[in-house]
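Shared between the two complexes below is chain A, which pairs with chain B and chain C, respectively.
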Partner chain A sequence: MKNMVIRASLKNWFQLFYVHKFPAAGFKTTADGAIILQSVSNDIYQNLAVEDWIHDNINLENMQVLFLWRNLSTVVIGRHQNPWQECNLKMMRQKNIKLARRRSGGGTVYHDLGNINLTFFTSKKKYERMENLKLVVKALKCLRPQLDVHATDRCDLLLNRNFKISGSAAKLGRTAYHHCTLLCSADRFLLSSVLKSPYKGIKSNATPSVPASVKNLFEEDPTLTCQIVMDAIAAEYAIYHQIDHHVTLINPADETVFPGINNKTKELQTWEWIYGKTPKFSISTCFNMVYKHSFLEVKVDMDVKHGRIEVCNINLPEEWLPPALCGELEKNLIGSKFCPSETTALASALLRSCPQDYEVHRRWNLFCENMTTTLM
Partner chain B sequence: SSTQICVCHTRSYSSVCFLKSKYVYAFDKSAFKFNHQHRLFRTSAISKGQIVQFKLSDIGEGITEVTVKEWYVKEGDSVSQFDSICEVQSDKASVTITSRYDGIIRKLYYNLDEIAYVGKPLVDIETDVLKDVAPEEDVVETPAVSHEEHTHQEIKGHKTLATPAVRRLAMENNIKLSEVVGTGKDNRILKEDILNYLAKQTGAILPPSPKSEIIPPLPKLETAPAAPKDKAHRIPVPISKPTVFTGKDKTEPITGFHKAMVKTMSAALKIPHFGYCDEIELNQLVQLREELKPLAQARGVKLSFMPFFLKAASLALLHYPVLNTSVDENCQNITYKASHNIGIAMDTEQGLIVPNVKSVQVRSVFEIASELNRLQSLGSSGQLGTNDLTGGTFTLSNIGTIGGTYAKPVILPPEVAIGALGKIQALPRFNGKGEVFKAQIMNVSWSADHRIIDGATMARFSNLWKSYLENPASMLLDLK
Partner chain C sequence: MGISKKARKYTDKHEWISVENGIGTVGISNFAQEALGDVVYCSLPEVGTKLNKQDEFGALESVKAASELYSPLTGEVTEINIALADNPGLVNKSCYNDGWLIKMTVDSPSELDELMNEDAYEKYIKSIED
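Up next is the complex of A and B:
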């Protein structure tokens, strides 16, 4: 079946907004309508904003939506997770991999263009994760009947019984959505290294992720590309909801179609959302520094709330650094963001108001570098 | 539409007859716009509300228990219907629980990370119940409602009709539904009504004309970051925002890097600054850079004007080393620094930070450009380390990329001098023959520590620096 990908006209869209009326012409005149959307953007924040926007603005009493999207390299953490526990933030900064916090629960995932995201929007009454996953399995089996894929009761999809190819999460509010990933041709090695946290000594009630062995569909069958898989799922969804197999392309930056969406995109990018929504945690760690043939042990304890340092205790070898300077650092760190660039800028600024000594500078820099690398 | 609002209000008050007639007639829409920051409510007729137990409703999929992950309210907060109360999590689903009532939160039944049960009480809400009693006196005006407070959506007895999505849109934009004219059935407020209302608000605090013109919003101001002297001239335009009557000042503590900078700046102002300004004609340098840009690009380096400014400064510092010094706290000892570690002010997420290029005296212009690229790249990705941010001995601040000509820069301790570079402008000047030509002019504003640097030294340093830049070929003579 050829699929037609059309650009929705603005007029169509405005009719969809006020869907407390019945669905406009163009859909089958069943009581329930459905529509398939695909994002032209690969920006995680824009795509998450689309989910927010649909959740807030579309009346889903008689309507369901399937949203297909892919992103450039990003790590996405769940609503109540701790990024320091879940991923290697330092590596992500170096490799320019973004970090996003989604509004649904669940664990941490890695996205790149080889991963498909599917979001199923329904009313709260029609919220049914297993149904959605069965649909995905059916689509894959339609495509390649010999594929061994099944859904577990944890709402994961497994390939060959052992390898996770999809994880799910959901958000319930006024309406509901269930979204899941699907690994087609993602960078598996980058995925496993970036989802390994190097930060030790964190105590937190944040939702932990459950690590799993993963595999790409592409590795099982090299002819399976993201586009083919997305088309198959869209086709299956269209059959299930008795609608035409039309996939409407949407631009998440278009304010005329999605009024207010750019504000949502901005909010998802703020530090306050990504890091500040981390549940309260404490970090207690030791690290060693080598300085001029001597071995120094440093102990740092911090409490972090809303992503900011609430309590700070640093234990350095006595007199190795001017105590006044260390005291200033601890004092200034309170209320400061738990963030390496903020801490580095702060520590460097403090050095300006202290007597100039080459030795002190060297030690200070060594200590600050070590601290930010080990903790943040 | 202005008539409608009047009708609404007069209708609500007609049974009460406490408003003087001239107040009612004066109550047209323009007056209302200025007054609408004041919330009108009746003072005497509110009875004590009843405590309602708000139970955790069914979430679906047979779920019986959830974990409370975040509270959006605390005891004593007032809430409106559909406001978010808390976030709970169950098996990878995050659920926002919203209030079913208007009222005041009186009790939270769970702490964070506790298990909450479906069907059991989550919070107690005291709901307001307005009695049907005529008040004896005129209404009281209250200060503007801020974004944090919640608007009650009742005009004495009349509930404004709107779907939850429309209410949310109104709340997000600080719009009181009572002020929006509904064009739907039964005066129901539709999304278009909110959008129309918003469009009228944008741009100015003006009484709307009778013909309901939509005032187009002004374009936004774009601030360019302090990049190297590559100019993308932008015309600054005032920022426009929809007029929102918030009225609440916001106080927050100064933390982190800003707090440390307060200390630095306080120390800086103890230094007696004196200023010295000059204008530099950069025509030859502009041409030279044009020639060298592709060469640098071929080596993978972006070449701005800054590497030339830094190198010229370093060459000049060799002749006037007192500008590359540091004094102790009581100004008793002066240290002549061997290395020229020249700092460049950089605009980042943290604010204006100053990484420095080490040992400019032994680096070529190309090497300086390469270093600047590295620092820029680290700066924009928040990866600058302490080594790059400390040890500076002299600073150049390129404020000109944002705008401005003259400045009065503040010296960054423990340094003793700083230069602020204005933007390069094309201006008419006279050449040696008395002819007018198009000159590329940049202004420089120096500040120096007057305890150890005198005006003459500063002027001579500036002249030498200027001569290197106005005749780049002369730099060749002194290059080491």
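Up next is the complex of A and C:
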């Protein structure tokens, strides 16, 4: 009979399924057990770290895990995506919306507390996204039989045939996980604005997102809160795996349950991972500046690799700024992070080495501000 | 010029390596490329990266998933297949030839003995396919 997982403390339970350890002699691990975890954290990096930790540490040959999590306002890009192509980084900085890069593939999504994330962990052999999505659809239909929800062969979930309420992504490594979003009551308007990139002239072979019209479940039925939906999915998962409908709350910052997890969290927050992992891209663009009734055009060409500027060519109207100064900027930008604060800092440092000419300073600041705003 | 079938050794993660003049060419097997589906992006390491056997060295993204790549041997990356940047589908179309992933030095030739030959790999696939 399935469902003989002994409810020891979670830490002890995990130890039984560590990749490099065998179950304690005498303990009978049954075939095909399963467990449901829910994070108490709303921090994207901590929650992504849980996924990494489970992938690296838990033997999933005879075990499956469902992980439920929600995050505060965040944009999450796929592993091989370019954030400058996918979202409005400037708006995100203004509104304090975080950016994260996940380790699975797929496209860009917006998370807030009105969105549920579900991660299905299985062995590679048992990896089956459609089965997972069918389970979610079943759970929703159990809740509200009249709900028109179905899974497409792109592994999206559509509401009323037209509106995307869920997107999926997956990673196959030592084991497999499939995770998906589910829009219950997210800020749909902020989602649309923030997932629109204002940056022009980018050439890249990064994986692109496929835009879609989205809708929230609560717009269809105001009683469908995140909690109700999570409970329904957990219940359906429990039935499917013949286990108790018991959801274990987990704290992703707890090193005693998840030894080594804080290092994973840190790594996910590094600039090198979030921005530096962007596939090589080039920018070729112009922008206009208005200065004292003059209309000026600036042309910028850059190559960015590992998030750093490799090639930099800036064309300004002749003599509008000291050519030597511009040349120095181009030279200094090479090797620096493609990042507004770093560019601004470099530009300011150069300016300090310049004679105190008010006019030059004013033009320089206008030019740098325009450049960082338009490109980064 | 194709890489002779006899020269390939396989890992249990469905990578193959073929060694010539001390340099190993690495790719994924036909079984792997079929399972993966259409590859849309290849993430490969920098030339000069030092890898230990079984280290993660990159990933292949397909519509199905992002799939990790594991180094078959210990060595240093000497070349990467730049054709894959614009044409990642080569991994599906020609996994044993034009769709090769990286070339690397072979620091411990004895590690090759731990890998499966063609026959052993065929048997391995059959055993997991059931």
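As a convention for this text, the second predicted complex is superposed on the first by the 347 of 376 C-alpha atoms of A that agree within 3 Å, B and C clash if a C-alpha of one lies under 4 Å from a C-alpha of the other, contacts with A are read in each partner's own complex, and residues count from 1 in each chain.
Operating definition for what follows: a residue touches a chain if its C-beta (ideal position, glycine included) is under 8 Å from a C-beta of that chain, and two chains touch if they have at least 3 such contacts.
What you see is a predicted model; the values in this text were computed from it and never measured.
Once the two complexes are overlaid through chain A, chain B and chain C clash, as defined at the top of the document.
Once chain A of one complex is fitted onto chain A of the other, the partner contacts of A:N205 extend to both chain B and chain C. Shared-chain residue A:S284: touches no atom of chain B or chain C. In the overlay built on the shared chain, the residue A:N57 is in contact with chain B alone; chain C does not reach it. Once the two complexes are laid over each other on the shared chain, residue contacts for A:R79 go to chain B and to chain C alike. By the touch criterion stated above, A:A176 is placed in contact with chain B and with chain C alike.
Of the two partner chains placed around the shared chain by superposition, neither chain B nor chain C is touched by A:Q269. In the overlay built on the shared chain, the residue A:R103 is in contact with chain B and with chain C. The partner that reaches more residues of chain A, of the two candidates chain B and chain C, is B. It is stretch 91-99 of chain B, out of 91-99, 217-225 or 235-243, that runs into chain C when the two complexes are superposed. The residues of chain A shared by its contacts with chain B and with chain C are 78-80, 103-106, 125, 127, 129, 169-174, 176, 205, 207, 279. Note for the complex: chain B touches chain A at residues 59-61, 69-70, 87, 89-96, 98, 112-113, 163-165, 168-169, 172, 190-191, 195, 253, 255-257, 259-261, 263-264, 267, 326, 328-329, 335, 348-351, 353, 381-387, 389-391, 412-414.
Residues of chain A touching chain B in their complex: 17-18, 20, 56-59, 78-80, 93-94, 96, 103-107, 124-125, 127-129, 155, 168-174, 176, 205, 207, 259-260, 263, 271, 277, 279-280, 308, 328, 332-337, 339-342, 344-353, 355-356, 361, 364-365, 368-369. By the touch criterion stated above, chain A contacts chain C in their complex at residues 78-80, 103-106, 125, 127, 129, 154, 169-174, 176, 178, 205-207, 279.
Chain contact summary for the complex, chain C toward chain A: residues 40-41, 43, 56, 59, 61-68, 85-86, 128.
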